[in-house]
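The two complexes that follow have chain A in common; it is paired with chain B in the first and with chain C in the second.
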Partner chain A sequence: MSELTVETRDVEGVTLLYPRGFINAHTVRQFEGEIQKALAQGHFKIVVSCSGLAYIASAGLGALMGAIEEIRGNGGDLRLANLNETVRNIFEILGFNHLYRIYPSEVEAITSFRSAGAAGC
Partner chain B sequence: MTVNTPVVYQYQRALDAFRREGGSSPLLKRMSELISLLDLTTTLNSSLSGAEILDAALLIVMGELQATRGVLLVRAESGSFRVQASRGLPPGAPAQVELGPLASPEVIFRRRGAHEGVFEACGLEVLCPIFKADRPIAVLGLGPRADGRPFDVEESSFLQSVAACAATPIENGLIYHELKRVNQRLSVKVFQLHNLFDLSRELTSSFDEEAIETLVATTLMGHLMVSRCALYRAAEGGLVVAHARGLRGDELDRSIPAAEARVLLGALRSPLRVAELPPGAARERLAAARMALLVPLAAGESVQGFLALGERVSGLPFSEEDLEFALTLARQALAALESVRLHRVRLEQQRRDREMQIAREIQQSLFPRSRPPVAGFDLAALSDPCQEVGGDHYDFIPLDGGRLALAVADVSGKGAPASILMASVHASLRAMAGSSPPAALVGRLNRFLLASTQENKYVTLFYAELDPAARRLVYVNGGHVPPCRISADGACERLLAGGPALGLLERADYEAGVTEMGTGDVMTVVTDGVTEAASPDDREFGEEGLLRVVRASRQEGAEAILNALVRAVHAWTGPAGCSDDLTALVLKAS
Partner chain C sequence: MLRPVARRAPRRSNVGEGAAPAPRSVKASLRLSIPSQTSFLGVVREITKKMAESAGFSAGTADRLALAVDEAVTNVIEHAYHGAADREVELRIEDRGDEFRVEVVDSGASVDPRAVPRVDLPRYVSERRTGGLGVHLMEKIMDSVTFRRSARRNVCCLVKRKDSPPAR
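On to the complex of A and B.
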């Protein structure tokens, strides 16, 4: 079994990414590739739904950092949902929770784009 | 505000009843103070969070003394005091104040000479140091009282009681904060280590520069919360961008000219903020791309490039730990990139070795498998390859009438190209031998090679046809090392007739020479691997060496003469060994 699978889905103009497994040094290029694919298609409203994500290393966070300027520069945002405890702790350790909007559920993350527009935090 | 209201409430009710019954005495005030202290103590020991407890404690004290403003200052690591909780401070009041060394827990009143600046700035009337184990850990400050009464000795004793009650909980709070901070730093360290471990495992198994660069850039960006990163490597005097992330293509110059590169690489001994670079074009260039930090890619003293990182998105400055992490990562990256380079060099070497192997196999397959018997003659030949495959070749081709064609050739160059040309010479000779007189044959071969080979390729060839019955040799020397016929009496004839090396000149004329092989005559044909074999003191074996050996051994058979020659050449070159293939052919008339 591979260390990471990433499914994507479009809901109401929002691109959802479902990483499953581990985003680490080994798999980061695959994860980054999926983000880049969305950007290449002009999709700048992105929700990373993390219910299947067991762990994210710095490299994965770096992939988010590397895309965020382009996403917000195009009036979009990248938001996160369904973080498990480990992943939430990693976000908090480094202070990522101050840079990215995090929602308890996928639905809340999707509707956040509708209610509050696409402005970043 | 208090959690333990019932306890305080009982006392308050008792006090209210005493008042209703007309009781009035200084005891009432003391009672009220005691109730406040009880309230304070229960609050301080409650399960509220540290900040809430201190906030509530401040309000209790302000309420009891009817102070219109209050502040709780907590001692920071630096020795100054930082505002932890406050109410009603004037606008512009400092968030941190200097109180110098506080000698005793005595309450300090305004206008007594000490700390006037702090009293003034915060609009306070009284400061109450809170000591724990002879050390000031906090200061409680209060502003004017609502009814205008000044603070005096009575309030001072109450404040000292407050300080005594509050000291331990405040210290606990400070320890808790410190623990939390240490814990946070530890978590970051643990995460860093996880990442370094993860990364080094990945780097050591990676043979792809792009993958290594991506990995290092994304890991650094994630860990330091930076949205842009570029990797510059030294190349041709300047610096070029080997990798960039989070930047638009037009935001970054793909290369930095040599003059600026020298400034940058010279300044980079350790991670350096772009703002700390010497002023000039290099700094402006990087600042324009919104780069904030440079991390050298260094192996020992030599800086081979750097990682440039943008500002942290959080706006926080880079910490020493950040720089250390970045440097560790940069070292690993450089080591991994270097190992990829070495791996590539190794692969290239293997490819060359394989090519050599193939060339050698071609060369070996072209030598004749056996020596055809020639009546009245004794024949021996050998080609001893050096490390690199050269272009030496010899062949015997039986012709009609018992005649035999002999050929020794040396193709220019080495390796696969030389062996392919040699194969072509070999095939042509085999096809043409005997079909026309030797001079015409060599002329045709020259034109064929001119048409089919590259300009700088050529072949030296000695071609001869032996008629054993007539004991006559008709030969053509196309630019080859002159063979010798040594007669039984030791005299030497150099076989020079012929023309230039083949494959060079369009209008080359070849003439044939004829020599008679008397009984006991020995003809030797060699390549320059024999005549140019160098001794350790760089003297050539030469024709003299060849003649000396052949003369000394000419009584022996062809095989023995050949062996003596090879032994003599090896002895001449010594332990350094050969520098070219060694090929020799010996023909003896018996």
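On to the complex of A and C.
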């Protein structure tokens, strides 16, 4: 089985990424590539739906960090949804929960783009 | 801050010399060598997780321990071996009863842990920096992370006590 697959789809002008598996130094380029693909298409409203994400290492956090400036500079945002306990814990350990808006569900993350300033949790 | 470098007498490598006599306190131990390739991180993760669960840690804590070891091996591949794929990384995983210990050993360039930038998270976030996150994560997950140079090899020792919280 592949270490990581990333499916994408667009819903209401929001690009959804579904990483499934593990993001670490081995798989991070694939994850980065999917983010860059969205940006190249001018899609700056991005939700990473993490229900299938078992684990993210610092390389993956670096990929998120590397993209956020360009995304927000273009009036968009990268938001996260459906984090499992392990991934949420990693975000909290590093304080990334203060940098990214995190939503309990994909629907809430998508609708948050309709109302500017909607707070995550 | 990094803990002080552990002072232990250098000992010979047991790689390729058969099973090493285990100290009496060790309940289970495993040694393995992998090529210095990130494609083996999955193997490292699975083995670490299984050993941690066997040692009595919850699945969630075992996941975090596997992440810490993934970060340590990634550091070796990227910094000690500078991405060379034909070197060897040795793992020594031990359940010592009251603690779980993993040593990640390489024969690459000597790495001064004091040279690793310390993470000032608010500044990190505001400046979007990423270097040093791996070591920071390791230190948050483990009770102790030490680096030492022994017999021309780098040894990164990760220790988690069984009675300590999942992360600090």
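One rule holds for everything that comes next: the second predicted complex is superposed on the first by the 116 of 121 C-alpha atoms of A that agree within 3 Å, B and C clash if a C-alpha of one lies under 4 Å from a C-alpha of the other, contacts with A are read in each partner's own complex, and residues count from 1 in each chain.
Methods note: contacts are C-beta pairs under 8 Å (C-beta built on N, C-alpha and C of every residue); 3 or more make two chains touch, one makes a residue touch a chain.
Since the structure is predicted, the reported quantities are computational estimates derived from the model, not experimental observations.
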Once both complexes are superposed via chain A, do chain B and chain C end up clashing or fitting?
clash
Looking at the overlay, does A:24 come into contact with chain B only (first), chain C only (second), both, or neither?
both
Contacts of A:68 with chain B and chain C, given as first, second, both or neither
both
Applying the touch criterion given at the start, work out whether A:32 contacts chain B, chain C, both or neither, answering first, second, both or neither.
first
Partner chain in contact with A:86 - chain B first, chain C second, else both or neither
second
Does the superposition put A:3 against chain B (first), chain C (second), both, or neither?
second
Where does A:94 make contact in the superposed view: on chain B (first), on chain C (second), on both, or on neither?
both
Kindly classify A:40 by the partners it touches after superposition: chain B alone (first), chain C alone (second), both, or neither?
neither
What is the contact status of A:59 with respect to chain B (first) and chain C (second): first, second, both, or neither?
both
Segment of chain B intruding into chain C (one of 97-105, 187-195, 385-393 or 511-519)
187-195
Show me the chain A residues, by the header's touch rule, that chain B contacts in one structure and chain C contacts in the other.
24-26, 57-59, 61-62, 65-66, 68-69, 89-90, 93-96, 98-99
Residue positions on chain C within touch of chain A in the complex are 38-39, 41-42, 45, 60, 63-64, 66-67, 70-71, 74, 77-78, 121-122, 125, 128-130, 133-134, 136-137, 140-141, 166-167
Show me the residue ranges of chain B that touch chain A in the complex, using the header's touch definition.
184, 187-188, 191-192, 194-195, 198-199, 201-203, 211, 214-215, 217-223, 225-229, 245-246, 248, 313-314, 316
In the complex, chain A touches chain C at residues 3, 22, 24-26, 54-55, 57-59, 61-62, 65-66, 68-69, 85-86, 89-90, 93-96, 98-99
Note: in the complex, chain A contacts chain B through residues 24-26, 28-29, 32, 57-70, 89-90, 93-96, 98-99
